[in-house]
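Below: a set of structures, written as structure tokens.
In what follows, subunit A forms one complex with subunit B and a second complex with subunit C.
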Partner chain A sequence: MPTTETYLAKSNDIAARTLGDETIVMSTLDSTIFMLNPTGTAIWQAADGNTPLSRIIEDKVCAEFDVPVEQASVDARQFVDELAEHGILIVSDHPIPQ
Partner chain B sequence: MSLLEEMNQKATQQGIPLSAHIDITWKCNERCVHCYLDHEGKNEMSTAEIKDVIRQLAETGTFFLSISGGEPLLRRDCFEILEYARQLRFNVKLKTNAVMIGAKEAARLRRLGIEQVQISIYSDRPEIHDAITKLPGSLRRSLEAIRHLKANGVKVSISNVLMKQNARSGMAVRNLAKEIGVEFHIDPTITPMLNGDRSILNLGISKEELDEVFHTEEFIGDVGEFCAPVATVDEDVLEGYSCSAGHTLAYISPSGDVFPCVQFPMPCGNVREKSFRDIWYRSEQLTELRAVQVKHLPTCSGCGHVAYCTRCPGLAYMEGNMRGPSTSDCAKSEARTGIPSAWQVKSGARPGPSLVQIRVA
Partner chain C sequence: MTLRMKFPTGAQDHEVVIEIGGIPIALETTDAGFVDLLKGRYGEYMKSKAIPDFTFRVDLIAPDSFNPEADAEVWFANGQWRLERGDFRATWSQESRQGVIRQTANPYSIDSVLRITHTLLLARTGGFLLHASSAVRNGKAFLFSGLSEAGKTTIARLAPPDAELLTDEASYVRRVDGRYMAYGTPFAGEMGTPGKNISAPIAAVYLLHKAAENKIESVNPAEAIRRLMRNILFFAHDPELVRLVFESACAFVAAVPVYRLSFFPDERVWDLIG
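For the complex of A and B:
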């Protein structure tokens, strides 16, 4: 059965540190720096290759930041696409072995 | 404000050691004439101890980690340490003379995602470079390593420290870096040995040579901007700090001593006796250092150069007073602008401004 889930994993080609509720991420390939806000940090920390994005949105974004699932899904998808474009996040429709 | 500046500002406000520098050994296979270390490999931390410090740094919020020495690759566990640091997602810089880096090591550094390898090159001429390092063949080996690193896509920065022996080598090394396609930094400062021996300061370049470096576009960029005196000394300057040492930067020696910076040998504690966190947040020495704002500096706060001076509190400490001037930076400010510093005038090293002045429209 085809799956519609999205799985996320952190790339190995990054340096990252969470300071308080924000996270610095730097690509070791091109030294691009990203600063993730608390919502981005929540998604980042949950990107373990096994947890589907839909569950991350429900458990880590909607529950903790009190936002409706529709809005959270649009924003999260945009966030994931941007980081994936820079090689910071690996995105797959199957679980990603770590 | 750039993201990096924003990060630094937040780290300063929150007291986070965003950057750390660990020397994993002081042993070295070169014997550079200007080196500030004694190269004795006594009492070095074990692999497990170094990994534990690195883990503690990650927990305290450190993001930028410099692994250095001595020659760090002389330790058989250097790659194990680098690998561990990368597993903890540090942004890692490796400072090395690179003579032990061949094609295999360069490929391994690339696979590890090392942010940058910083290598000192003193001249494009072996007879000058090798005479400084006292290791025959060292220039050839370091340059071969740079080419291997470059071929593997590892970012390299060439650091060119100037002294009497290579005072006029800057442009040739800069051109060499450009030809290979790597970063280049020039550093005209010789610092005292960490044990207090100041004799190597005699190797420093002359005032005329320093003036020349600071008026060469290839070294410093826009000469007009770099050398222009800045008259505005506002509250931001006076309430600021000279540098990040002890605020967002920590240095850890091979035996576990914690200092504010590698150039600031004020012992603040040892990680074999206390946790890094305990030292960072509770050491009396760091607390005292963090209280020193520019307005508290007796001579420098009234100096016309204060807004852009590169004053180093560590070098000032080695001169006897961390609140005093670092006189090599007075010389730099003078070389940049042609105007003596407050300390230079006060100490009688330079005459004060004339009572009679002429202004031409």
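For the complex of A and C:
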């Protein structure tokens, strides 16, 4: 059965700064601030609009943080949904032109 | 060269220039009583011979002209900044360097318009207004930041005689020649008195927490930025300027140490400062 991929891109309405392995992201629309931990930072940095979330999880989360793929998928999906809800990440089932 | 144009008015004009953070702003009014009120409020921040960078005409209106409950709104439209709150309406063009304020004859409205105007000016130059008390000691400025009840006024009141208070409420931060300077402001908190009109390079920012004992701890840069952003005064609905303020906070944290200061409210806390 074919599965739908998820693609992520950073919104244009944000300001962000990565310091070490943490990232601070702010919505420029409502000034909401998010602090991303190392795992979140890895996903954030890989959100280029072209790389499917499943590959980001495999290559950037499971490989670098020694997390089982099932657990990483649940956590990543929750993380992505929360950022998308605040307009920080754009989520699509197609690649997102940058 | 700056060409200044006078607003045409039929009555006798009075002009006062209020210089905060090295930026002189002129206020023009036909009401001599309002001039006296400004003199009482801004004291040593008034510069009789300064050439203003910006000029506001102040039109005094009757009480209850606006909805007194309305919160502050600041936005840019048709080439002008618009500043509105329950007690004032103001428009201001950064290009023409002129604006108009409509308010009742009270010091709080003009104080708010000046604060907001300075936040807009600072946003483009790497500076900001910070919810913080500040003081100069041994030629260095120290900022004590926190939200209401964190202890800004408390620590200002505990300052030793050799510390000069810049403000107990809103600290004025500018980047000048590559370093960060704190300026005195007339923006007072609970103490109700304006700060000393001096400036000094900023040596440190302390994030305040009242506690049973005095302790200073370092704060990692990401957390320092997050805390600063919570305490920076900024009112405009303008994503570009919000982004600039964020960048300013990041640059500031890279240049100035930020600490968490847990303090018991007595004068011994100042043994750790300066």
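Definition applied: the second predicted complex is superposed on the first by the 95 of 98 C-alpha atoms of A that agree within 3 Å, B and C clash if a C-alpha of one lies under 4 Å from a C-alpha of the other, contacts with A are read in each partner's own complex, and residues count from 1 in each chain.
Keep this in mind: a residue touches a chain if its C-beta (ideal position, glycine included) is under 8 Å from a C-beta of that chain, and two chains touch if they have at least 3 such contacts.
Note that the structure is a prediction, hence the values are computed from the model and not measured.
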{"item": "Partner chain(s) touched by A:35 [first = subunit B, second = subunit C, both, neither]", "value": "both"}
{"item": "Which superposed partner A:13 touches (first subunit B, second subunit C, both, neither)", "value": "both"}
{"item": "Touching partner for A:26 - first (subunit B), second (subunit C), both, neither", "value": "both"}
{"item": "On subunit A, the residue positions that both subunit B and subunit C contact, one per complex", "value": "13, 15, 17, 19-20, 22, 24, 26, 28, 31, 33, 35"}
{"item": "Subunit B residues touching subunit A - in the complex, by the definition given at the top", "value": "3-4, 6-7, 10-11, 14, 16, 58, 61-63, 86, 89-92, 113-115, 155"}
{"item": "Interfacial residue positions of subunit A with respect to subunit B in the complex", "value": "12-17, 19-20, 22, 24, 26, 28, 31, 33-35"}
{"item": "Contact footprint of subunit C on subunit A as seen in their complex", "value": "13, 15, 17, 19-20, 22-24, 26, 28-29, 31, 33, 35"}
{"item": "Partner subunit A, residues of subunit C touching it in the complex", "value": "220-223, 225-226, 229-230, 234, 239-240, 242-243, 246-247, 250"}
